[in-house]
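What follows is a pair of complexes built around chain A, which joins chain B in one and chain C in the other.
Up next, the complex of A and B:
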């Protein structure tokens, strides 16, 4: 590494790149800034190397793998042989549910193959995301408003609220598995005989309840941070003008907390789209609780290359959702923020 | 060319990343060459890899081995207690051709996959292992395409537990058992349950039902063979018992532990489970079946049913440098003395047939005679290198069939097609 880096600092000033900044400045100052920029890029280099290794390389490698066939079986020796190039067959396996046919060629994936579960898993993932994020936002907002008030033991409440968030998800899932067992506390408490993990609607709601329990505190704290940015004077002024509580919430709290709220929702949405441990432990993906991440993990055990294609698809789906948030909803956030800033002045 | 200075470090980073990726790659290729190159005569320290040693049987054994072989010491590498994680860890290390994974503990269902990948040393010719004293199904489950790839280490089979106080004579066939469900009804308890949640246990129970009715999930060639009247009868047995309530509704959420709990609480007349239940059911204070616990072989069509085989084998990595030592260690693991220690210390079912009739052992582990019948009649779980796909196909469709969301015929034909597709490769 040292030999590669060695000559380059010499080359840097020699190439004497044009400074990016402009405007009337002394020559000395100009040089100082130029060398500062150079230093900055060298100081950033280790980070960029690290990012290239842990982010760029795996993504590229996954994409390359996704165009390779999974190992097939040599019928004579009974040994696996490398699959060779696959074209887009790994992608059509998922997107168009085309599975390999016994005699060669493809057939519609029969129920029981992972390929046949792609669209239902996508639907399940979005169903979980929309329902849990909505519930968590509403409940989190409510909790944040309570915590924003001043009362005795407020810091204790804030710390206590974080407990579910601090428990590792796998432990949470195991905990709820006991609660939702047929002979578990859930059924005993309400005197019901619901097969929580054994039928579709309860199974989905078991996951939703556990997830909401776990991540609402996270939402609440992010929203609380936003709430505390709102100056008290604004509320006082509104009160003087005779605004009702509802009006104050709608016209002051909501718009001013929106930037923090949008960031919180974005985080939670991206998180929920990757949901894995809760349904995996609670239901093993039965009864339509298989999310895309569970499908990826199941596929990894059957063949890496097809799993690489699926994780690339998942990556693109999440990327699109994030893009929509930042581009369309996030643009609003920026506007609101500057607007609010001006208002304060 | 406004930002060359910035681009330079980035380019360096890119080059580094590519260099790294080049290191990561690596061609396949089979081991060939002389015995010396393959390490067949190699002697020296080796590593034994196994999942969590919960009942502390591996460490004392290794200490004993090390005391006798100071130049060929065995190091124990302990994995987690999750089977899936053990599997993934082994796959990663085999792919990296890790020479330090000399002897590995292989779940019976992984044998074919690892063998077909070329990761396990075939135990033949110079490396042959004497299996004549072992129970035949355990040897079959460690073989692939007629070649032994691992040394059967311990076995496991299903047992039918029942309530001695309520059932006058143990049922021998499925129909006999279903006929006794009126007893359960009179006592207000569930009749029969195994493990029907959608996980590996469902594959075990489904293939047991199909095998016991005379069918098979895969034929001798490893091709799916599910569109048969026998397979239909097997799955139908489970589906109709669930539909008419002989198998209680909650059993669809049962894994081993939930079923055991229900049986111990006195809520089941018959229960299919593994031998580990015996100790807990007779010793746990909360157990209501302590004094009335009956055990028999799983019921079949006309006699004992075909249990699905569990257990582990010890395989030798082809990348090991000290295969001669490894082979000696395999022999040590399958020796009568070690097997006896496994049974007494870890309640692990031996693979040597003779031990099941050992009076001393039977007093200690009263389920051994029943387990012997169970294992002798056992069928290995479908032996196929595509096991992960096969088990998913079975689970997905059997689950729907038992719940009545799909007809048994449709479930079996979907199972058949899914397995065909998986074996065709993608």
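Up next, the complex of A and C:
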């Protein structure tokens, strides 16, 4: 693999370094890279331009918007006020829950306004993320270990795990809403009489169970792919040396599967931090299931600019989490992707 | 008893214990596999059973199909309560196919460059594309909502297609990049030795070999566009809404009563083609899904 890539890349940019090619380079190689570079820029240009239009432009636009006042009716005069520069007031609206007071200045946002919900939405988002990703990692690991064994019907299991993954989240949400209906199969099977969408803890767990059902297969498949790269001889050798099953898991499986596992956890974490469909449809954000994404959507129709500030905050939160993963927890996505990690295994 | 027979007896015992252990391990494996099967399939099974159950028995909890009828599928397409499921299906197909085609055409070139060529900033580009694939849709929705409101695009197809490209295109590029890395590129060299130009070698040798990879990527791209909800829920209207939005907003005759049987029928219609597609191309799909993470 590495030979196809030419000089072995040492580190991707995600791990903090610049692409460095080690070793002496001949003049011919430089020329080859230059001509390939020309080719590459032509081939990559359409993708880069398209992504610049659909991603970079909206980010910049959102940042610009977030420093503008929302146009609207002035609560004091009843007259229409045009926007104008807002400074950081849109950000303080969310972070410090300061709403504009009639007659200028700011007051603490009254309960019930969107501004007062920022920290609870942040809490809900992280609660969902931590609980679902933990559950999915544990369950996914277990499923992956089972699927890695040889037994008759293994391909049936591997096919079955793709079913929850293939069902659209909107359908999943409606399906679990029906399962968790008061007279539904959920209460019947477990002989409970829980009003699932009626109060905080059941509502949150309805979302968590539905999300775990839908996304554990993805986690399991990523971990399974990692498990399959561990050579069987390593286990044989450990067995000969008298290692117990638990020792084999802890000393061989875990360290060797860690790179794939970290990337899977990173993907799922970033996905969970932007969770929208499930709580939006399943619980409509009630009973403390409003995530940051739902809060942004609720704000859009009340004022773009304030919504832009909130979506920028959300983006920064997700970015920080991704950064922590890549920098401190060793989830090296680019290195994994480029195959440089393979040489180590 | 001689020492030899004693030893043999011990060995026999040891072998039996090992066999027993193995038997138990395999029983445990089968039990675990059964648990996984039930966990993954039971809710989907319940959707299909409900879809075929008479609306009067919506909350019937017998596990086997009862009161079987096709009425719910007719109700799903019924437009008298303001549902436009049929139209939504066409919208989703149109949006999904367009997004997939655009992403494939752009992505195949980018993936070729990333998998095959050496150039400066390669890892920066890869990082940018991977970052883009994890980009939260909610950060796009506000500026796009304002922009599309200003230019009168809310509720148009392009307003739904363009944002979808933001997450389908990166997915396409990195899935295809890892597929391309695995291909036997020596054949390209061979074709060039035989007198093909680089373009010809790509078209005549590499493209046919790459077809399965491209097809798998297309399925993954289509599924992710088909499942999109956040952006569509805000930027579409009744005429252009995709199925995810139609199913989320599905209305019944009485506003306070959710028409679950019809919704499950609609859900079944939306899901079955995907599930068949996924099961048929299972191996390739799994390879594509995990491509970015472990290769």
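We adopt the following convention: the second predicted complex is superposed on the first by the 284 of 345 C-alpha atoms of A that agree within 3 Å, B and C clash if a C-alpha of one lies under 4 Å from a C-alpha of the other, contacts with A are read in each partner's own complex, and residues count from 1 in each chain.
Note that a contact is a pair of C-beta atoms (placed from the backbone, for glycine too) under 8 Å apart; a residue touches a chain by one contact, two chains touch by 3 or more.
Keep in mind it's a predicted model, so treat the numbers as computed, not measured.
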Chain B and chain C placed together on chain A: clash or fit? clash
Next item on the list: Applying the touch criterion given at the start, work out whether A:325 contacts chain B, chain C, both or neither, answering first, second, both or neither.
Entry: neither
Which holds for A:160: it touches chain B only (first), chain C only (second), both, or neither? second
Which partner does A:48 reach: the first (chain B), the second (chain C), both, or neither? both
* **Contacts of A:183 with chain B and chain C, given as first, second, both or neither** => both
Ask   = Who does A:118 touch here: chain B (first), chain C (second), both, or neither?
value = neither
One more residue to check, A:128. First (chain B), second (chain C), both or neither?
neither
- prompt: First (chain B), second (chain C), both or neither: which does A:94 touch?
  reply: neither
Of the two partners chain B and chain C, more of chain A gets touched by chain C
(request) Mind working out whether A:61 is in touch with chain B, chain C, both or neither, as first, second, both or neither? (result) both
**OP:** Scan A:302 for contacts with chain B and chain C and give back first, second, both or neither.
**Re:** first
Intersected contact list for chain A, partners chain B and chain C 1, 4-5, 12, 37, 41, 44, 48, 51, 53, 57, 61, 181, 183, 300
As the complex stands, chain C meets chain A at residues 26, 29-30, 32-33, 36-37, 39-41, 43-44, 46-47, 50, 59, 61, 102, 106-107, 109-110, 112-114, 117-132, 134-147, 162-163, 165-166, 169-170, 173-174, 177-178, 181, 185, 223, 226-227, 229-230, 233-234, 243-245, 247-248, 250, 258, 260, 263-264, 267, 270-271, 274-275, 277-279, 282, 285-286, 289-290, 292-295
Residue positions on chain A within touch of chain B in the complex are 1, 4-5, 8, 11-12, 15, 17-18, 20, 37-38, 41-42, 44-45, 48-49, 51-53, 56-57, 60-61, 69-73, 78-80, 82-83, 86, 89-90, 93, 99-104, 107, 109-114, 181-183, 193, 195-199, 283-287, 298, 300-303, 306
In the complex, the residues of chain B that touch chain A are 1-6, 8-10, 12-17, 20-21, 24, 28, 30, 84, 87-88, 115-118, 144-145, 197-199, 249-250, 252-253, 258, 261-262, 265, 385-386, 388-389, 392-394, 396-397, 399-400, 414-415, 417-426
The answer for chain A against chain C in the complex is residues 1, 4-7, 9, 12-14, 19, 32-33, 36-37, 39-41, 43-44, 46-48, 50-51, 53-55, 57-59, 61-62, 65, 142-143, 146-147, 149, 151, 153-171, 173-179, 181, 183-185, 188-189, 213, 217-218, 221-222, 224-226, 229, 259-260, 263-264, 267, 270-271, 273-274, 276-277, 280-281, 292-293, 296-297, 300, 304, 307-308, 311-312, 314-315, 318, 322, 333-334, 336-339, 342
